[in-house]
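I'd like to ask you about the structure that follows.
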Amino acid sequence: MRLLDVDYMLGLVPILLRYLPLTLQMAAVGMALALVLACGLAVIRVLRIPGLNAATLLFISFFRGTPLLVQLFLFYYGLPQLLAFLTQINGITATIMGLTLHFSAYMAESIRAAIVGVDRSQTEAALSIGMTNGQLMRRIVLPQATRVAVPTLMNYFIDMIKATSLAFTLGVTELMGATQKEAAGSFLYFEAFITVAIFYWVIVELLAWFQRRLEIRLNEAYRR
Amino acid sequence: MIKVEGLVKRFGGTAVLDGIDLAIEQGEIIVVIGPSGTGKSTLLRCLNFLERPDAGRLTIGDLDVDVTRASRADILTARRRTAFVFQNYALFANKTALENIAEGLIVVNRWPKEKAHARAREILERIGLADKADAYPAALSGGQQQRVGIGRAMAAQAEVILFDEPTSSLDPEWVEEVLGLMKQLARERQTMLVVTHEMSFARDVADRVIFMEGGRIVEQGPPSQLFGSPKDPRTRDFLRKVLATQVSIDSPT
Amino acid sequence: MLKRIALTAMAAGLMTAGGLVQADDHAIKVGMSGGYFPFTFVEQDKLQGFEVDVMEAVAEEMEVEVEFVTANFSGLFGMLESGRIDTIANQITITEERAAKYAFTEPYVYDGAQVVVREGNEEIQGVEDLKGRTVAVNLGSNYEELLRELPYADEIDIRTYESNIEQDTALGRVDAFVMDRVSASQVIKEKPLPLALAGQPFSKIRNALPFRDTEEDRALRDRVDTALATLRESGELQAISEAWFGTDITRP
């Protein structure tokens, strides 16, 4: 049993901090795009738009039914063999694409459930005063669905941040990639991986704190 | 002036409305009574296009359509000219009392927000809830929620307000404040079409009472006539059953 | 509000997409794992190692820039296939299958496959003792094939790893691992892991740089070969080897 090399761990912190922005950027961009896509997919599912509905079901089925790593390999290594111009897609973009498509499939279903869960009387009240379907969605249904969907969506965001650690497989040196390489250089595996674990943990805890505040705000209208 | 001719609505094969003819004069207060499941609520919902009728003609002001051919624009027009008060209040859960009343003015009538809020405040005064402007529905009692629901209908400045059993979901303690507000509107000659089981309200406030059964209008007339000397045996039968439970409490004796 | 977030996100996505896609004829893109001491590894965020020095010398000789791309080893050949890198400098062993598919340079490292065990393990004295044992190799490396060619391959439990085979052997999770002798010796010498060489190397291996087998890439391979030959003659290749290993591994 040897002692923990604390100096090495402290030395690792500034190095990992350099790679933190890339991890956060990929997750943030991926989440924003996934939200937009998931909302679109959810609306297609709720309104059962002919044709698109079937395509959406297939999309969701595929991206929920296969591992993220498989999808990343497929985009990054596989598709360029069929379509040469896809070589132009770099690892960061491919990671963001993969995260977006994969998580939007999950998020679409929870957004759909949240929309369907909004009481029918809310819809009728909005229609009765002469709102159009679009106004109904924007002003009444989506704001109420947001409150229901936010806890689940935040969990997906947390998952997504951790999933960025797969990016090193596509040649993107982010938090996890930097750690793996440092560990290979020093052979201090425990120190390296516990340090990066603490990095992820702190990020997720900060997010969880933000999530609690957001939920309190969203629940304001429903307190008796 | 609102006119319905030959209104039919079927659910499955069953006709819930079986040829309704009805004309409502401006300022008239009409109460619709009848046993449950006879299409009273469906009649209101068809006027507002919350249900799509299967046949009939609808006239509201200069809108005059065959209901089966009503375009999207026709439907929006009909809805804007008929305000609806729901049995379960159906206030927008994500909006305050003030915002519930202002919402239609802002979104549908495209009023500037300040103007809509000023009008909403006036209405809150009139319904006695000025101090609850910023309260969300969850924090209001049933009676207060239904008064806001009526306030929302008032804001629409519709040709008619349709009341769909507005007191049926209320605990007994809140019924009076809601009926009181409806009576106030009646005194101001707000055109109203009310479906209710509150016979005393019908007797005291209505210009005309309509008795419906089996999707048809069986009998109608001023309250004194309908309650005093109903002609149809079905009307008599219904009134006997209902008044047996209500009149003893409601009569001022 | 939502719209603004979406637009910002898309802009950011496009920027990252645009920023890194720059085909550059004056740079040779070299893939490596960055996790294979002492050939390619990172210390204090700096990529270094024997492969790094060799490729920098080659690029200087060719008068081009060199750009290193690090990725998990299992992703490297995918990157080569999909045209994202020009070659791989990661102790790539010439095998029959690879030689059929890729255009290799002349070998620049001559080495042997080495069995490594946990310190104090006297039961395994060489490759012949691996019968009935659990042996780790790196995923995508050719040591798995070498083991499978052994007459008693059926009796060896071969485990393929993405990384960290040294650690798992030191922890006793597997009985041994196989890698090239040179880097195995280095690992034992430099790193705080209780490991020992078991017996002599059991197979000759030659490492070279693979290129895609196209006309354009074969031309590039030829230029790299010329540069390697010059470095060999000038003694620079030997100097790099001596610096890292204390011996010349670049000659048979």
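In order of appearance the chains are A, B and C, and numbering begins at 1 in each one.
Going forward, a contact is a pair of C-beta atoms (placed from the backbone, for glycine too) under 8 Å apart; a residue touches a chain by one contact, two chains touch by 3 or more.
Quantities reported herein were computed from a predicted structural model and do not represent experimental measurements.
Contact with both subunit A and subunit C is made by no chain of the assembly.
Most remote from subunit C, judged by the distance between CA-atom centroids, is B.
As a whole-number value, the distance joining the C-alpha centres of subunit A and subunit C reads 33 Å. Each chain gets one centre point, the mean of its Cα atoms, and the points for subunit A and subunit B are 47 Å apart.
Averaged C-alpha coordinates give centres for subunit B and subunit C that are 80 Å from one another. Within subunit C, no positions touching two or more other chains are listed.
Looking at subunit B, one finds that none of its residues touch two or more other chains. Per the touch definition, subunit C reaches subunit A in the complex via residues 5-6, 8-10, 12-13, 16-17, 20-21, 31, 33-37, 41-45, 47, 69-72, 74-75, 78-79, 81-84, 163-164, 166-167, 187, 191-193. Within the complex formed with subunit B, the residues of subunit A that make contact are 119, 121-122, 124-132, 135, 139-140, 143-144, 147, 220-224.
Those residues of subunit B lying in contact with subunit A across their complex are 48-50, 76, 79-80, 82-84, 86, 88, 90-96, 103-104, 107-108, 136-139, 152, 156.
If you check the complex, the residues on subunit A that touch subunit C are 2, 11, 15, 18, 25, 28-29, 32-33, 35-36, 73, 76-77, 80-81, 84, 86-93, 96, 168-173, 177-178, 180-189.
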